[in-house]
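Heads up, the next two complexes both have chain A, just with different partners, chain B and then chain C.
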Partner chain A sequence: MTTETGTVRGVRPAGNGHGDGNRTAAGAPRGRGPLGRMREKRKQAAWGYLFVAPAILLFALMGVYTIVYGFSLSFAQWNGFWPEWHWKGFKNYTDLLGGSPTYWPIVKKAATNTLWVVIGVPLLTVLVAFPLALVLNSVKRFQGILRSIYFLPYVTTGIAVYFAWNYILEPGGAINLLLKTVGLGSLQEPQGWLGNPHTALPTMIVVMVWSAVPVAMLLYLTGLQSLDGSLLEAAQIDGAGWLRSTTTIVWPLMKPITVVVILLNVRDSLQGFQSFLIMTNGGPGDSTSVLGLETYRLAFLNELSPTLGLASALGWLLFIAALVVAFINQRAMRRMG
Partner chain B sequence: MSSQALSTPRRTGAPGRTAHASRTGSRRSVGRIVVGVVLAAYAAVSVYPFLWMVSAAFKTNAEVQEGGHLIPHHPTLQTFSDTWNKLDFFDYFLNSVKVTVLTTVLVVVIYSAASYAFSVLDFPGKKWLYRLFLVLLFVPGVVTLLPIVLLESKLDILGTHWGLILPFVNGSAPLAILMLTSSFNSVPTELREAARMDGAGELRIFSRIYLPLARPAIVTIALLTAIPTWNEYQLTRISLNDPHSYTLPIALQTMQSSNVVQYNSLMAAALIMVVPVIALFLCAQRYFVNGLMGAVKG
Partner chain C sequence: MAALQAAAKKFTAETGTKVNIQAVTPDDAFLTKVQAAARTNDLPDVLEVHANGDDLAFGGAGLLEDLSKDVDRTWLDQYLPQVLADGTVTEDVYRNSQTEGSKTQGVEKGQRFSVPLTVGTQGVVYMNKSRAEEAGITEAPTTWEGFVDALAKIKKAHPSNGGMTIGVKQPSTALEWLMQPMAYGMLGKDRFEALFGPDAAKGWSSADGQKVLNTYNQVTPYWVPGTQSKGIDEADLAFAQGKASFDIGGTYTLAFLAENGYDADNLMTFPVPPPKDAAIPRLQLSPFSLTGLSVTKKSEHKTEALKWLKFLSRDGIAADFGKQALDVPPNALDKNQSKTLGPVLNSMETAFGSGAKAYNAGYTAYRPSLYDPGKVGAVLAQFTPLKSRTAKSTGAQMSSMIKSYWAEQKK
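Coming up: the complex of A and B.
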């Protein structure tokens, strides 16, 4: 969630910090010669390395090895038990991208499902979170309490809540009960919402949106509360109604936040699979298989088949997709100023 | 909901505008009802799964199976205490607390220091290091899962709690550095320069000026580390073998995979897992919201 939060300002912090540092280096050693300034600079660099040292050391221990290992594995065939890897070059990648009659159909189906998730979750999250933030921003009383209630889904998202969702989506579960109570009994799902191949994926998307709305809503609310009120008053004096000033003034001003919300959700929709693993495990059939889940399955649920390299390659393809989205996102943001 | 939604409503009490005023008035009260309904509806959507979680936790298994009602007819604490006692929940709970607390503390300590360097100090290679940590944000966790397990078996920490904590801390690096660096960037430069004039060293400036001023961001990053760590499931499931070292998510998982799912026990266990996180959030909420806001406003 905060990923994005960081990104909002994260677009420039590196440069920012740099500027600060320079200013200090030039400003602090007043009355000293170039020699003193240089010593000051060296001292600062030493402190800098000292402060980042723990982070770098941990990364060297846990990060470098795992990333390099995972990357080279993506060019190999291995089942985890063979004493040696069989090198395959780019074959894992080409197999996944259409070359293999075994894996291509799996990947194709999972990619289609993932595409729905990647489009559906961010879009619906914005469609729910933005109006919700607008409405919440308009009330003064209970705002704090409501904000906490709306934030609950994020706070508890994880295995416990996925089990709770499973429970209420069961054939005899609360959703079917609710539909019957309000007289919409014909809409019930006799096999349960996750048991019917046609409703399983949309249901999962709704659950993911439910988890994603809190952060998006809070970010929009933050944006709304820092809006300059005089702009809106001017528009209202000119006769613009609520709808008009919202669509022509507020919405455009919230664009940077929208971009951030979309980026974060695209990233999670591309790579996340915990909810799928726990709630549907891809089923029924392959109706909820997504790329993240297939990666996990190829790596860990494939017994002795030598598919660890394939899994790794699929993971790196997801990484590239996420980077591309991030890049487009940053470009779009820059264009919007 | 119209005008009210966007600006503070202003009383238009001037004579000669009464007709207009009362019309806006009635429209306003209709608006208020709409606003109220929308807010209440989404509040219901937000809490719906928890209500059923609580409901099932206070039912017997027979009552869960007959289904269909939110308020238990014969509310019982038996499910709760059975789940807690029979399944060694206290041990799992302590394991979870240990892993979560150590991870969170390490994240805050290590990455607030690193972020101070990225934000304030100048050293060769800083830009590249910073970018490296940003890119790590996009590495899917699943590609490093297996290498972590192999590495840890070489280091002989596989299956221990440290074997969870170290990768969790490292995995939190990008987000923590992003947020804390932006927060430190908004501390006025003058403060630091004044402190330097007075002869304060970096360690002192960091701990006496930067850390206190960034408290909202630090609480935020602590929560954003603690919550996912508390819920973490994949690495934990792959790396832990000894039931004594299990954390709550794994305990829940084993309950679900036993042949018949007893939803009342499962929901009681889920509630045990969820309640501490809710309590933590409510305690830290004020800082949390401010921390997010600070990060957005820049």
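Coming up: the complex of A and C.
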């Protein structure tokens, strides 16, 4: 124990950043020269590595290996069963980006639909979540209960919810029934809201916004509750009304949260596909095909065709697109500020 | 599952060999599981596969045993002549496997990777018998015009649920199960196959192609609302629940309808009929193997696995299996054995034919090997039921897609 304590003491001066190697060496106990300290440092480092090893190993296996594997696959042709990959170089990428008359039209259509989703979902989420958070913040009673109610869509199982939406949106579903009941029968969608190519994608965007609002609303609510009340009081004393103080004081202060909400939703919109797979399968026709869904189809729903490499390449293109969109988004928000 | 388990019980009683059966559905989950099992050397001894599909792809990848030497003439003699070659690498299959991007790469001519378990065909119309009788229809339509007339009469009598459904959420259904059999009957084998051929002048924009599309369009008023957003199972369920009076499927649809409570006695079934002036009037459907059984290459119980396959192929066992599973067995059953299958399966069997005058949905060698029916079907869905394309633009788009598949193949 004594030796251990002495070692710690001996090392500390150097660790304090005095940079006086001689003093440290002189202050060290006998037999604890530079070599001893080095050994001790190594021992400490070994313990450190030992503690982080499980996490590193796990990341190496689940993260690095799969990333490298997936990236390599994007240059190959494989159906998941062949014993070997067939190397194709950049052909998968060039095929997806205009080189193949078979795949390019699919990617083009899916990219256009994805663009609408990427614009629509984050924007609408902010437009719904922020006012909702404002209202909820001003409610004095039952705020906890109301917050839980508004948060429910997020904690409900996705698959079940998507099936429920399917029933709601059917020709004889709740939406059409509601419209008829309130005398708006002319607005009914006789083929169902997912059955008409003109309404299917906007409807899917609404469903995605419905799922995204709870988290965004909660983030805004947290932001609103941590606002310094004296700022608003000062504004009110200066004669600013509710609308004025909300738009000129509260909204600008919520900008970091808005950036996070938009970024999260851009990512989800670019890569998410589960709701599309379950609710529309990209249809009717190809009106709701999105890039995430096409990636999944190329990988797993292509009747054993060797398109896993193409799927991987499309996945990487999506990743690059996500990076670019995130970068542009951040720059734009910074400029706005 | 229950039918296979019952057969397994008999097999164990006869040979002492136990068979454990595991069902994995849907298709994509099955494929993922096979893929994972193959990579961890954990495949079962026997796999049930889509015949002329999974079997050839798995076989080409080296996962399945080549059964060509084990399946001898005596074994084959039990099957319908139309399905004898199913599961084997024919000249067409081999040629397609040589194409860049083909899923069957690696196969060799003459190999056999499966033996048939169930047969059947697409292009079977299921009509609600009692509603048909109410509308004065007592016999199954034999022409396209008669079919459209039946649709109109029943729809008139039942405006809210008199229509037809098929599950266009998987858009290949309407193309392959409804339009193609009608087109085959209308044009005959060669002109039908030319629609998918490399010569665009004979494709979907040609007079033949436009005639097919315009005739097919006659069913547009009779789709059940929302058909385009229903999957196959959802469409079958809608029919079983009385929300539709017609359901287009295959022989395999019967089992699903029965499972979901539909009374099989209330069914009138018939093959999708061709028009009056068709090249092949009274079109029949050629059965093909829907599923087959394969032995995995690394199986340690190859002898027992082969015995199990042989056991299931026996007439008596196959007839019992078919009856219990409500699936058509691949055997050339005699009249008495056929009777045990029940009236509906029997009526389907009588719609079976062979040769160039029967439409064989399982034969696809005339199409480019990279052809994707889902993508082409999605274009057709825009024509009907969606009505967002004309026959002309649908034909042009389908032709252009088929041209691109041929272009890819020739690269």
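Rule of thumb we're sticking to: the second predicted complex is superposed on the first by the 273 of 337 C-alpha atoms of A that agree within 3 Å, B and C clash if a C-alpha of one lies under 4 Å from a C-alpha of the other, contacts with A are read in each partner's own complex, and residues count from 1 in each chain.
Assume a residue touches a chain if its C-beta (ideal position, glycine included) is under 8 Å from a C-beta of that chain, and two chains touch if they have at least 3 such contacts.
These numbers come from a predicted model, not from an experiment.
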- Query: Touch check for A:P252: first (chain B), second (chain C), both, or neither?
  - Reply: neither
- Touch check for A:F300: first (chain B), second (chain C), both, or neither? both
- Item | Which of chain B and chain C A:G98 touches, first, second, both or neither | neither
- Message: Just checking: does A:G36 make contact with chain B only, chain C only, both, or neither of them? Give me first, second, both or neither.
- Response: neither
- Task: Based on the superposed arrangement, let me know which partner A:Q191 touches: chain B (first), chain C (second), both, or neither?
- Result: second
- Residues of chain A touched: more by chain B or chain C? B
- Does chain B (first) or chain C (second) touch A:Q77, or do both, or does neither? second
- Message: For A:I106, using the defined touch cut-off, is the partner it touches chain B, chain C, both, or neither? Pick first, second, both or neither.
- Response: second
- Query: Intersection of chain A residues contacting chain B with those contacting chain C?
  - Reply: 80, 172, 300
- Item | Complex interface listing, chain A residues touching chain C | 77, 79-83, 100-102, 106, 166, 170-172, 190-192, 194-197, 200, 280-286, 300-301, 303-307
- Note on the structure: Residue positions on chain C within touch of chain A in the complex are 28, 31-32, 34-35, 38, 53-54, 57-58, 60-63, 101-103, 105-106, 168-171, 225-229, 231, 370, 372, 375, 378-379, 381-382, 385-386, 388, 401, 403-405, 407-408
- The chain B residues in contact with chain A across the complex are 1-8, 35, 38-39, 42-43, 45-50, 52-53, 56, 67-68, 70, 109-111, 113-114, 116-124, 126-127, 129-131, 133-148, 150-151, 166-167, 169-170, 173-175, 177-179, 181-182, 185, 189, 192-193, 196-197, 202, 206, 220-221, 224, 227-228, 230-231, 233-234, 238, 249, 252-253, 256, 263, 266-267, 269-271, 273-274, 277-278, 281-282, 285, 289, 292-293, 295-298
- Query: Taking the complex as given, what residues does chain A use to touch chain B?
  - Reply: 1-3, 5-10, 13-14, 16-18, 20-25, 27-28, 41, 44-52, 54-56, 58-59, 61-63, 65-67, 69-71, 73-74, 80, 128, 131-132, 134-139, 142, 146-161, 163-165, 167-168, 172-174, 177, 210, 214, 218-219, 222-223, 225-226, 229, 232-233, 236, 241-243, 245-246, 250, 257, 267, 270-271, 273-274, 277-278, 292, 295-296, 299-300, 308, 311-312, 315-316, 318-319, 322-323, 326
